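Next, two complexes with subunit A in common: one pairs it with subunit B, the other with subunit C.
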Partner chain A sequence: MPVYSLEIIVVALGLVMLLVDAFVNLTDKRSIAWIGMLGLLVVFGLLFMVETPENTDSVFWKFYAPDDSYALFFKGIAVLTTLVVLIMGANFSKVVVEQTAAAAKGAHPQAGLGEFFALPMFTCAGLMWMASANNLVSIFVALETVTISFYVLVAYLRRNVGSLEAGVKYLILGALSTGFLVYGFAWLFGITGSMELPVIAEKLSSPDVNATASLFAFALILVALAFKVGAAPFHLWIPDVYQGSPTPITAFLSVASKAAGFIIFLRLSAPFLASGSLVGKVTFVLTIIAILTLLIGNLAAMPQKNFKRLLAYSSIAHAGFLVMALASSPVKGTANALTPATVITFYLGAYLLMTLLAFLVMAVVRSSTTSEDLDSYKGLAKRSPFLAFAMLISMASLAGIPLTAGFFGKFFVFKLAAEAHQWLLLGAGILGAAAGFYYYLKIAASMFLSDSDSPESEPIAIDGITRFAMIILIVAIFAAGINPNLIIGLLT
Partner chain B sequence: METALTLNHFLFVSGVLFAIGLAGVLVRRNLIVIFMCLELMLSAANLTLVAFSRFNVQEGQPDYHGHVLLFFIITVAAAEVAVGLAIIVALFRTKGTTDVSKIDTMKF
Partner chain C sequence: MNTLEIIVFLPLVAALAIGFGAPSRATALGASALTLILSLVMAIRFLKLTDVEGTIFFESSRSLLDMEGFPQLSLSFGLDGISLVLLLLSTIVMFAAVLAAPKENEIKGSSKLFYLSLLLIGGGAIGAFCATDLFFLYAFHELALIPTFLMIGIFGHGENRVRTAWTITIYLGVGSLILLLGLILTVVGLGGTTFNIQDLIAIARVEGIPAESQPWIFGLLLVGFGVLVSLFPFHSWAAPAYAEAPSSVTMLHAGVLKKFGLYGLIRVALPMLPAGAEQLTNLLLVLLLGNIIYLGLVTIAQKKLDRMLGYSSVMHMGYVFLGIAAGNEIGISGAVLLMFGHGLSIALLFALAGWMRDKFGTLEFEKLGGIAKSLPRLGLVFGFAAFASAGLPGFANFAAEVEVFFGAFASGSGEEIGWIRWTTIIALWGVVISAVYMLRAYRYLFFGPKPAKLEIPGDLNWASRAPMLLLLAGLLAVGFVPELLNQFIRPAVEGLSLGSAG
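Our next item is the complex of A and B:
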């Protein structure tokens, strides 16, 4: 089965879900989410049996990278994240219905819920395509497919001012970064005369390339990409948008959108990093951005009171570690199994597991306490020991405690930086990781050591499929933390 | 005296267009005007693409790759406007304003 059929299947699945929503008389529209989950499980299985056709001469393959294990891994990230987002969405449906449905006569009591499950499918198709895009045109179109469906999803709760404000902020800043991106693409096209990344890489490494114009194009593209992945100084939208969006969409943004942003970042910065005349300046700029992001993300996370905002700053901090890996491209001539691409991919895989686990617990707790403040986690261990345990594992992994996936993520990044002799960057990274220990473990301490303020002591109800997803994520965090080759092996 | 238009003229104009758009986004307070300025930035990119295409002549033909990206940009921008205006209208209905300085529910 050819590689590109997966995107087609996912889009078709999204369309089927929309048609079911429109024409089938369902009593509970959450069944649309079950269709999506089943379909995505099948697609995830199909990921392991795709193949690239032998003949890749046709024009199509100039837009779509043939035979790329990284692309397949990122497609896996996109599919898994969408699956978990649908599970969270089904848990979250009560809030969605309350804050979207118009009280029209004769309307379905859950009107507007079906699209909330169908839209992530189209986002997922865009993310999967983005993982394989190797042409400026296909990168642009895939990126915009993702971004535009995210505009709708972020502003989905149209009776909730917070969600709408988040939507408008995301819209304006997203469109601004698109403007920078296409202007940068226009210049890159002007300099190299091509839209294909392999040809661009070739042209940029020739000695007669116009260095000033190339750096200008890189700066424009870098601004846009820093927006997408949430790197300082272009991170300002992240806390507000994360706080305002519906919780499942926040998880989607913080995992899938970041992962896709980084694979584009990797692909677009590779030609510049391979060019002998540009690599010095490009690395310098990336180093500055990494240091800024690490410091701002980690230090601003410390005083946060709202759990979603805390995770927003934590996602900025993790973007800092990832840019740090990008800025530590190995010195020429040293053979090393761990390239920045491998390290970033591993880190994103680990980040997916631990962040989704945190958001799953948060979505469940949110549905019973109606609050997202850190105080509502006080004494959670006595009330729901399983939820508290899942959250503890997630926080330990985000902080980077050994035996969890997060530890090896940070370890590989630091190793890379040390090998590239980026000592200042390494210092900022260690400082950031130390700050991380404080704010992640603060949550763990309040769950286990303090008593709850609220009089309720009933355990919070978890449905079977959510509990199952949590157990899988916990096992995966430990598995990747004990043997990181489980993930790295998938890449070779 | 005859002066032909060169690539630099086009690049200069599109650069000015981009700068005007960016300045508008940063300075203006009305969401609709900000949105117009964002479209201006995309137009600047389009002009750059056409200029680079026109002046990269191969075998007597302009390099049409730039035009292809341009048409995608126009299409995507239209989709973006459709979604964007809908969100702005929804915000106006709940808050009664499109002034960005009044969009301040979430703070540090």
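Our next item is the complex of A and C:
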């Protein structure tokens, strides 16, 4: 089965879900989510069965990288994230219905819920395509597929002011960054005369390339990509949008959108980093961005009182570690499997596990409380020891405590930076990790050490599939934290 | 799966079992007793082997990551004499701590969480001492730290317990990160190809890290490990934490887990960064005098037993650092022996303090007095423990301190009195200081007039005596026959072959 059929299946699945929503009279529209989960599980299985195409001469392969273990890995991330987002969406449906359904006569009591499950499928297809895009055109189209469906999803809770505000902010800034991206692509095309990344890389590394123009193109592209992955100083939209969006969509944004942003980042910066005349300046700019992102993300997370905002800053902080890896490209000539690409991929894999776990717990807790403030997690250990334990593991991993996946992510980044002699960057990284230690464990402490001061103290119900997903994520966090080869092995 | 792996994983598996609903006290007791027996078996098996210097025995290794460019990572364990002694210390204290822990129905809150955390702390320490892979050495220690924080916050005494839990979390967390940075730089500096400690040492001997960058890295390791061991001036977390933690946790942390930092210096920092160690010796000497003299005086000024014990444990770390600073065989042997002796004696003292806090409701010297007359057994055991801690002959601590002082004095070269000899001379006064505060405490508590309000409970019963007698037996046995442990330590220290520093 060829690689691209996976995207087709996912799109078809999304269409089927829309049709079911429109024509089948369901008593509980959450069954649409079950269809999606089942379908995605099948697609995830199919990921391991794709074949390398024999003939890659056709025009199609100029837009779509034929064989790439990284692309497959990122497709896996997209599928898994969407799967968990659907699980979260099912848990979250009460809130969605409350804040969307019209009170019209004769309408289904859950009207508007179906699209909430179908739209992520299209986003997922876009993300999967993005992972394989190797041409400026296909990168752009895939990116827009993702972004446009996110515009809708972010503003989905139309009776909620916060969600609408988030939607408008995301739309305006997203459109602006798209403008930067296209302008950068235009310059890149002007310099190299090609839209294909391999050709661009070749042209950029020739000695007679126009350095000023290339750097200008890089700067424009960098602005757009920094926006997508949430790197400082283009991170300002993140806290507001994350806080306003429906929780499952926040998770989606913070994991899948970031992962896809980084694979594009890797692909687009590779030609510049490989070019002898540009690498110095490009690395310098990346270093500055990494340091800024690390410091801003981590230090601003410390005083946060709202859990979603805290996770928003934490996602900025993790973007900082990832850009740090990118800025620590090894000295040329050392054949090494520990490249920024491997490290970033591992980091994102680990980040997926721990962030999704945190959001999953949050979606469940949110359904039994009225707010998303950190205070509502006080005494969670007494209300639901399992949820508190899951959150503890997730926080420990985000903080980078050994034996969890998050530790190896940070460790590989630090090692890369040490080998590249990026001492300043390493210092900022350690400072950031220390701050992270504080704000992640603050949550753990409030769950275990303080008593709830709200009257809600009955146990929280968790349905079977959510509990199962949490257990899988916890086991995976430990497994990858003890044996990182489980993730790295997938890349070779 | 060999015996050593079973020893390492038994407490962790038992903790898991408790998490899934096994009876907590029974499981914890069974697991810790079994690890103690197995570690004694290891010691006996070890005796038949010690004709080779400095080799790691009973090795087991499971490769986890072996790929070009990544450091080799394997889940590997092994023992040499030093880690064997610390393994014995861990298993003895863990068993005693579980024995001394309150019964399930006396615990406020979840008894499951209490026993599970105890086993995690003990198991983490055992894992850290047995690991021959740098990553797991670090990781097992962290595994033990996190339940320590939780235990202080949830089950601690006093109103400030959450604040104290926070302080130690941040303090030790940042310390661990500095340590991590130092370890990463060490591994990268030594080629970045493996995490295996023996391989790294072998690389360091052939072509080490350049001498000019060694002091920086050693400094990071010294601060990182130093925070964990409460080296002056990074000591301020220790006394409040020990005073407010449940006594079983204090027994395990002060007795066992804190030794990790010292172990790390001996196992990692000294052999991998010999030049850095040599250049920073004088700095270490100044800091350890801070521990011995300054904190010794602070100890004398304490008005509560638990605080006093907390500070005394910080103070005694100074001697261990002196042995390490000496860098020669006798000094380091003494340091290892002192870790053992101090571990047992401080665990014993905290067990006693915990018992007294439960029965009397207070540990303030002012409110207690004249106990010896009505509770002679308590007075006797406490007396033994106090003498042991102050370093009286007949206890392990005495033998160890003598070795440390001889080693430190001998490591000064030539006729003149250099830094280390001066330090030794000043440090000797620490013995007087310990005697002062221990005897003062003993007088306050056990002699003098009995305050009118004080109600006298029943004396130590067998259940509470058992863990104390176990610890006391260890102290006396090693005190009278230090060779019991020295026969393990000596070849291992010789194997370190720390020529340059000594």
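Basically, the second predicted complex is superposed on the first by the 492 of 492 C-alpha atoms of A that agree within 3 Å, B and C clash if a C-alpha of one lies under 4 Å from a C-alpha of the other, contacts with A are read in each partner's own complex, and residues count from 1 in each chain.
Simple rule for what comes next: a contact is a pair of C-beta atoms (placed from the backbone, for glycine too) under 8 Å apart; a residue touches a chain by one contact, two chains touch by 3 or more.
Model, not experiment: these values are computed from the prediction.
Student: Output check: A:448 vs subunit B and subunit C. Expected answer is one of first, second, both, neither. What do you get?
Tutor: second
Student: Quick check for you: in the superposed arrangement, does A:177 touch first (subunit B), second (subunit C), both or neither?
Tutor: The answer is neither, since A:177 touches no partner chain.
Student: For A:194, select first, second, both or neither according to whether it touches subunit B, subunit C, the two together, or no partner.
Tutor: first
Student: Once the shared chain is lined up, is A:110 touching subunit B (first), subunit C (second), both, or neither of them?
Tutor: neither
Student: A:152 contacts which: subunit B (first), subunit C (second), both, neither?
Tutor: A:152 sits against subunit B, while subunit C stays out of touch.
Student: Jot down the residues of subunit A that show up as touching in both complexes, subunit B in one and subunit C in the other.
Tutor: The answer is that subunit A has no such residue.
Student: Can you list the residues on subunit A that touch subunit C in the complex?
Tutor: 335-339, 396, 401-403, 407, 411-412, 414-415, 418-419, 426, 430, 433-434, 437-438, 441, 445, 448-450, 482-485, 488, 492
Student: Using the touch rule from the top, collect the residues of subunit C that touch subunit A in their complex.
Tutor: Checking each residue of subunit C against subunit A gives 64-71, 73, 75, 135, 138-139, 142-143, 146, 149-150, 153-154, 162, 165-166, 169-170, 173-174, 177-178, 180-181, 184-185, 187-188, 192.
Student: Spell out the residues on subunit A that touch subunit B in their complex, using ranges where they run on.
Tutor: Its residues touching subunit B are 136-137, 140-141, 144, 148, 151-152, 155, 158-159, 161-162, 164-169, 171-172, 175-176, 178-180, 182-183, 185-187, 189-190, 193-195, 239-240, 243-244.
Student: Would you mind writing out the residues of subunit B in touch with subunit A in their complex?
Tutor: 18, 21-22, 25, 31, 34-35, 38, 41-42, 44-46, 48-49, 51-52, 56, 63, 65-66, 68-69, 72-73, 76, 79-80, 83-84, 87-88, 90-91, 94-95, 100, 103, 105-106, 108
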